[in-house]
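By letter and in written order, the chains are A, B, C and D; residue numbering begins at 1 in each of them.
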Amino acid sequence: MKNVALFGAGRIGRIHGANVAALPGVALKYVCDPVADAAREVAGMLGAQVSTPDAVFADPSIDVVVIGSPTDTHSDLINRAAASRKHIFCEKPVDLSVPRAQACADAVRAAGVACMIGFQRRFDPTFSAAKDRLMRGDIGAPEMLVVTSRDPGAPPAHYLKGSGGIFRDMLIHDFDIFRWILCTDEGDEAATLYATGSVLVDPEIAKVPDIDSSVVTIRTRKGRLCQINTSRRAAYGYDQRFEVLGSGGMIQCGNHRPTEVVLSDGTGVQADKPEHFFLQRYRDAYRLELVHFFERLQDGGPFRTTIDDGVAAQKLADAAAQSLESGAVVRL
Amino acid sequence: MKNVALFGAGRIGRIHGANVAALPGVALKYVCDPVADAAREVAGMLGAQVSTPDAVFADPSIDVVVIGSPTDTHSDLINRAAASRKHIFCEKPVDLSVPRAQACADAVRAAGVACMIGFQRRFDPTFSAAKDRLMRGDIGAPEMLVVTSRDPGAPPAHYLKGSGGIFRDMLIHDFDIFRWILCTDEGDEAATLYATGSVLVDPEIAKVPDIDSSVVTIRTRKGRLCQINTSRRAAYGYDQRFEVLGSGGMIQCGNHRPTEVVLSDGTGVQADKPEHFFLQRYRDAYRLELVHFFERLQDGGPFRTTIDDGVAAQKLADAAAQSLESGAVVRL
Amino acid sequence: MKNVALFGAGRIGRIHGANVAALPGVALKYVCDPVADAAREVAGMLGAQVSTPDAVFADPSIDVVVIGSPTDTHSDLINRAAASRKHIFCEKPVDLSVPRAQACADAVRAAGVACMIGFQRRFDPTFSAAKDRLMRGDIGAPEMLVVTSRDPGAPPAHYLKGSGGIFRDMLIHDFDIFRWILCTDEGDEAATLYATGSVLVDPEIAKVPDIDSSVVTIRTRKGRLCQINTSRRAAYGYDQRFEVLGSGGMIQCGNHRPTEVVLSDGTGVQADKPEHFFLQRYRDAYRLELVHFFERLQDGGPFRTTIDDGVAAQKLADAAAQSLESGAVVRL
Amino acid sequence: MKNVALFGAGRIGRIHGANVAALPGVALKYVCDPVADAAREVAGMLGAQVSTPDAVFADPSIDVVVIGSPTDTHSDLINRAAASRKHIFCEKPVDLSVPRAQACADAVRAAGVACMIGFQRRFDPTFSAAKDRLMRGDIGAPEMLVVTSRDPGAPPAHYLKGSGGIFRDMLIHDFDIFRWILCTDEGDEAATLYATGSVLVDPEIAKVPDIDSSVVTIRTRKGRLCQINTSRRAAYGYDQRFEVLGSGGMIQCGNHRPTEVVLSDGTGVQADKPEHFFLQRYRDAYRLELVHFFERLQDGGPFRTTIDDGVAAQKLADAAAQSLESGAVVRL
């Protein structure tokens, strides 16, 4: 039996908490959140107790911490967890600062604890089947990747103030997909990156300052090519697709739909919009990443994502921000 | 809090049991199964106790029975539950004999208890969205229904011995879909029915005797038309579709796929096969029908399926068997 | 060089005429139509001369007649063409009367001329690829066929007066598809047929009398099963599909769309309606059947459709009409 | 009646010649090609005479020249046609040199003749329906364009020697699509362009020197964003798609398939590959662009493509080549 403490009783904390609580062989013992009501509510719902970070890190019965608290608390919690030899599942990102993220990675490595980062898209049934088929050679060697990643609507501009910008807040997932899908050869990584973008959705976003529409191009050391296109607003819902061209074919990942109803009438033939947003589209993925995490803790096998993946994606986000600012191609 | 006893710890009993156990405001108290090990295992897994029918029906704390035991036990359990004023959720069919099923319906009505029959397809997200759109008039008045219902593979011939034949065992669901989708006008019901079929999959099935491939045509009193085609074997998986033509358009329900991966290569453009079988395709439906059942118990609203629907579908199955045997059209 | 005379300068005559005129090695010499203006216009457009049946049949330079005139003229023209040893391409049907159609078939056989009937659907790129794949064994032995055949809108009731009824006018094509796709084993043919239907589209059609919505079930001697569903009105356009279930899989033929544009917006994901009607959907098929006809005339190979196919489809239409009238299953 | 002379009796010349010959009100009078046999064959097939450029330009009866000869002859023929006041339809590109192309545009303007460039993709039924729907506001203001443009296989490296490189040879069409779809506001044009690429298909192509896989990013003055991805080899056929994100939704243009057959078997659900290559995919487009050209000549309306479009696309190709060589973003 693994005993777990959860940090964060907000939206994502509740998802992780509920998924942990449903796992066999795992006990959610504590829930910590500075918002006492939220902590109490989640703890009550999931049969856990309210606690504090100090108590959690001092409690030798706790094997694992699950970090779903705000981004700016991640690095501190990771460091403290490593120091107290607890395994870590941490929602992305590690930290908005690459050096701080790197320091966490070093601490984790030194402590010898597991630290998986919540790049849940790698556990999406469609994306993970695509990766499996790529790895078993269904399309030969991958050559090009096109990632489409669009939210159904932009958050209020004030929310974006603390987000770190579109590349760190939103494309961080896409940078991870790029590495997971295109850098499949030993040692292949991004060599050059170019990013540009615009404010096309909401002029308030320009004042943050941030952009709401962006395109990124990455070329790897081996010459593989990746294009990412991202918008804060797709009027038709959450658009999450990628396609890989390989020497022997193409693998495409389509959107998931709520139902398979098709309506034909005088205006056309109409299917459902994609699942509304990430909570719907990635419901299974959020569950499956925690199943995987605890299975790997148990069997000692490799984790599908590590804190090094977190740091690497963060570096690409930084490079994109730098490219946007300078208007120039960044060499990595 | 509703206290529940579950009859049946086999495949379908476990599904219903787990879905009941996960509901808020509902306590699964007892599990009954003549196979003691199965009862113990399921009870243990779901935090319930092993019990017996006699004890269950004598226990005034039990509000609800969920019947997932073999078909030939259904009518007796329904009758005893009605007699002891417990609400009933019963897996389809009510009984292979229409008179016995009708007697259950009468007993239930006399006792004033709720009795919902597990026509889970009415709770499938795709099918239920189709029904909603039909009822809100998206395609005007329904005129024609085409139902395709095919299993991935035939069970062994010996299993079919006690099944009541393809119409009672397999098309019972399709007959319910017919009534649910096409008989939407007050008082409209099947007027004539013609069924024919063949043994095309497995010659052993002829010795049961039964058929493995069937086609049924139903015309309603209002002249609406329905065609059902069914096979025990679809090499590409579980094929569960229907389409309704209305005066203003068509609604089609497609199969569900495990993933949205599409592979393009030198041979074509390939998507996933449908979900493998009913446990996969109707996973959500099995859960949602119990959510609905307990919600309606709570709020007193109408149940989406009743024991009368169970009897009505059974009558159509009987008519189909009679048509097959006589080679003639049956008037209802 | 084959010299051709065309009978009929109406809608279908013009299509066949233009397709003939565009063929290499074929000269459209004469156009005959009792409506002089129509004959003149078509002849002018296609570089031919206006003529009369008497002149055509007396002219030894004419090798081939293409019959695209009204249905009630077909049998007479076929008989005269056979008598004057001219090869025949005749638009379907041979004749609304099976005995007259059979007499034509006898005359054609006795004369030793070719006589192809315009079941153009056998030349539709999608349908003909489906047949090829069936014959090469892609889905093993065929077991079940579901045909969906719906017009975009009903013609005025008065037009239907002379049509011979929905089975002879509209389903004649579907009966041919049934034979072409499901009767692929030597000697297999329809053994029983059941047809029913309703007036659901236009009450005027009841006064013809005729029906506008029909469903037909056919079982072959080998036990293969076919269901056809037909309506005079599909609000979303011309719906022409069929699907064959075989022991190893399924082949589906989808509708053709004018474009591959897909629009995603707040209401859904919308593709084009099917091609509007038969002139659009079967444009290629009309061209390809004449290419085939003249190629076979040249190389002596077997024709994809013969007058015997025309007679056989007519017999099924008669059986369907009889089944509808009697309300009983017809044995063939 | 417009009299036409055709330059070029090779692959593309034959296509244009046959399309011209089939137009009502248009007479193909001459065919010119230094390869005498080819000229003779095409002239014979299309009912024209063999001629020479000198004779054509001296013949006052010729109204229009259609230029389908090799790229390096285009600018000279355009200039001579302008000088002799003949209208011009010229296959793309105008010229591999932007200054020479610009000089042609100046000559054409000075002469007051029409000069349409064969960007046939603008006449593809799918692409042109997409443009229509964009212009009527189906998705609001366009924001992002993703173009996928892949050939089924790379030509031999030696062919590429004279091609001007992948951007001038292949992406020229995509640059035109970018302008047509994304620069729909008065005065909006490309502001910055970044191109990179690799040799991933055939190492011989590196020796040309050229690349076989490329990605291009363009940002317009208004901040609209475009990504183009191109490969010389898609194992699944000719891949020609684009999608536009707008403020109110998305328009996608899918590939065309030879048939609508779908095969479901134990391995999946498989549709046809896209049409094999440009001669198949753009068959209709090649025909429709000439219909449009002669209609506009007749009615005096604006041409869908002009020589200025040809020059503008060429400038983008030059910028892409410069970006690839320098590894830097190019400002336009």
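As a working rule, a residue touches a chain if its C-beta (ideal position, glycine included) is under 8 Å from a C-beta of that chain, and two chains touch if they have at least 3 such contacts.
Every value quoted in this text rests on a predicted model; they were computed, and no experiment measured them.
Repeated interface: B-D and one of C-D, A-B or A-C share more than half of their contact pairs by residue number, and that pair is A-C. Set against the Cα centre of subunit C, the chain with the most distant centre is A.
If you average the CA atoms of subunit A and of subunit D, the two centres end up 41 Å from each other.
Per-chain Cα centroids separate subunit A from subunit C by 57 Å. Under the contact definition stated at the top, the residues of subunit C that touch 2 or more other chains are 139, 234-236, 248-250, 263-266.
Those residues of subunit B that touch subunit C in the complex are listed here as 139-141, 143-144, 146, 148, 150, 192, 194, 196-201, 213-215, 217, 219, 223-227, 229, 231, 233-236, 239, 245-250, 327-329.
For subunit C in complex with subunit A, the residues that touch the partner chain are 234-237, 263-274. Against subunit A, in their complex, subunit B makes its touches with residues 125-126, 129-130, 133, 138-139, 248-256, 258-266.
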